[in-house]
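Report on one structure; see the data block that follows.
Note that the chains take the letters A, B, C and D in the order they are written out, and that residue 1 is the start of every chain.
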């Protein structure tokens, strides 16, 4: 399982979370990455933790003021990127171009999607993975296993039918070690988390709980 | 073959084009539709020609000022709609929701896409058809057959692999009867046209040429 | 006072509301307009009521699929248009271009704004009027006079300072005849209404109440 | 005069340009800042040069994946930010909110605008400065003085009329020391530059030429 901690625009200490993630990854052997604001990528990457961008723009080098150039994110230390997160929905053509931009910069790609149909659409664009984020689970206290397990199994099936090489991550409804195991049993190869770790009093403890059953 | 004449925001007489399309459709037996500005749907539909919207919004009934409600387009006389035209690119989640909105209003749906990859993604959203519009052919004088025939055959194959029930239309590079036949031979079930008919001195003559080899 | 009834994407009968508005305008001498979906402009204008578009695009004639061409809205019978409604926020440069597009098509223009600062900014773009829509009043039951009267007087002052010829309308918090009078006393030259009329069991009665104190 | 070098998404070495800018600023006493990609802010700020973000999002702390949080840009070392650059046009309400977000993070603000009318609108939102970028001058070889000097003087007048405390910068058409002096004589308090410095073989030499007449 892959655990990706999305720091969003939270008022957390990104370095503290990064260090905790690095320690738990080293101790448990579980792959854990942290995704900070673009301006914090280099500081987070300096901790040694696997670092992801929260978004990259579809453009290449050129006159694109205010864009998030994939190559610049990679130069700062990112090795992967989210694309089309539910808080950052993008045009179909731009998702396609952002996946290509990330590939050029050697960034691993995870495209987010709302439901099994959009998961299949995202998979058709050839990213490394798709994260399915059921709107009813985002930011809530309902876990994916108890809330709507079918959406994960359906998303896995939908992605597989389009492209077997695309992994499916569970993008919402995971906050405990049990949820991680439940997502894994539903066919997810990874999970996206945010406040459960980023806003935890003790991020390291939160991460240790998450990997405890793996 | 299905011929869809997109009037865009051209300074043409939509009624004159609609009447010409209606006549050629009746005389040739070829299915021809006209897609005018939203405010012209009812006048165009009154001619008896098959009428399509150029876009419908993802929303349902409600507080959505300035939206293009699918039900309102249908009430005015539209029976189908383009979605995500290259001049009106939309977010992945909104394309999905617009296809659903059109279905609720009994509108046939054609989602536009740039390349075979996006064609597969669009097909995964379950529209009736996908129109592939290679950027290099849009608005130009290069015909699809001479310019880049592979993009059409690849788009047809990509859509078929995702969903066999989704037709593929050729969304650019068609301006003569020969181009229509060429697109048909490449596997396209329809074509999108715009200025070739809408800006023609004699739209009826232009349409007669287009259907001459069918 | 000018009363503009915005039908949004409501499941109402636009013709019934239009007829009611026409009758009350004729009987009371108060200027009343109705703003329907683009596809309903011609049917609404056919009732003889003053008809407004809910939005016009910044573009002129050309290759703009899915746009709302100002000239096409005018041809269908619109004589005015909202721009940048809170449900349809637009880029600064596009608001500027939409005001110019509307002017070319002889459409009266009302640009919506959230607060006095944005009201001044909108006024600087030279529309005929600006409607201030305090977010806290939109869609609620709080009236502008009781809720936050300062925002209207401040908006009027802000617009006047930039351009004395720009009228200020009250874009939320008005549902009774008393509210209309209160808005007028605060300096508003018009009001925007939506559900209070569009969703009323008897739209004519609702409008008669609104103009009763004028 | 204030000289702001916008590195856009150019394939330049941001550190080399930053060091050159720092040296020329120190030697000449002219205020010079560099605006890199968000992911490069901390590295650029570490050179000691005044560092600006290319954009900040309208949001505050919270669930805003892929945003450019003003506070995070400031923490990384930025002291100012562009907003609404012509390559990154924003909604009126979002420009307003981005100026507020930047203020909360103690970032100086420069809102970009296309013409005198939009300059006045931008000034009404209360930024520290507005940069007028005439579309016909962007990326071209025409200098502002020879091309269309009126647009700068008109923009200065328009901004002054709305708010005397808002400076106007010249956002295009400046590539030589003569252009800088010309812009200054037209009333501009600063200039925005991009490729002329960022893509120069010798950025320091380019900057030395720009400040030579000040």
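The rule we apply is simple: contacts are C-beta pairs under 8 Å (C-beta built on N, C-alpha and C of every residue); 3 or more make two chains touch, one makes a residue touch a chain.
This structure is a prediction, so every number in the text was calculated from the model and none was measured.
**Student:** Hey, what chains does subunit A share as contacts with subunit B?
**Tutor:** Chains touching both subunit A and subunit B: none.
**Student:** Have a look at where subunit A meets subunit D and say same if over half of the interface residue numbers show up on both copies, different if under half do.
**Tutor:** same
**Student:** Averaging only over C-alpha atoms, locate the centres of subunit A and subunit C and give their separation in whole Å.
**Tutor:** Result: the chain centres lie 43 Å from each other.
**Student:** Let me have the rounded angstrom distance from the C-alpha centre of subunit A over to the C-alpha centre of subunit D, please.
**Tutor:** Between these chains, centre-to-centre, one finds 33 Å.
**Student:** Which integer distance in Å separates the CA centroid of subunit C from that of subunit D?
**Tutor:** Roughly 36 Å separates the two chain centres.
**Student:** Where in subunit A do residues touch at least two different other chains?
**Tutor:** As it turns out, subunit A has no residue touching two or more other chains.
**Student:** Considering only which chains touch which, label the overall pattern as line, ring, star, complete or other.
**Tutor:** ring
**Student:** All pairs of touching chains?
**Tutor:** Taking the chains two at a time, the touching pairs are A-B, A-D, B-C, C-D.
**Student:** Name, in rising order, each residue of subunit A that touches subunit B in their complex.
**Tutor:** Where subunit A meets subunit B, its residues are 84, 89-96, 113-115, 117-118, 120-126, 158, 161-162.
**Student:** Which residues, counting only subunit B, touch subunit C once they are in their complex?
**Tutor:** For this pair, the touching residues of subunit B are 6, 8-11, 37-43, 53-55, 57, 59-69, 71-73, 75-76, 78, 82, 85-88, 139, 194-195.
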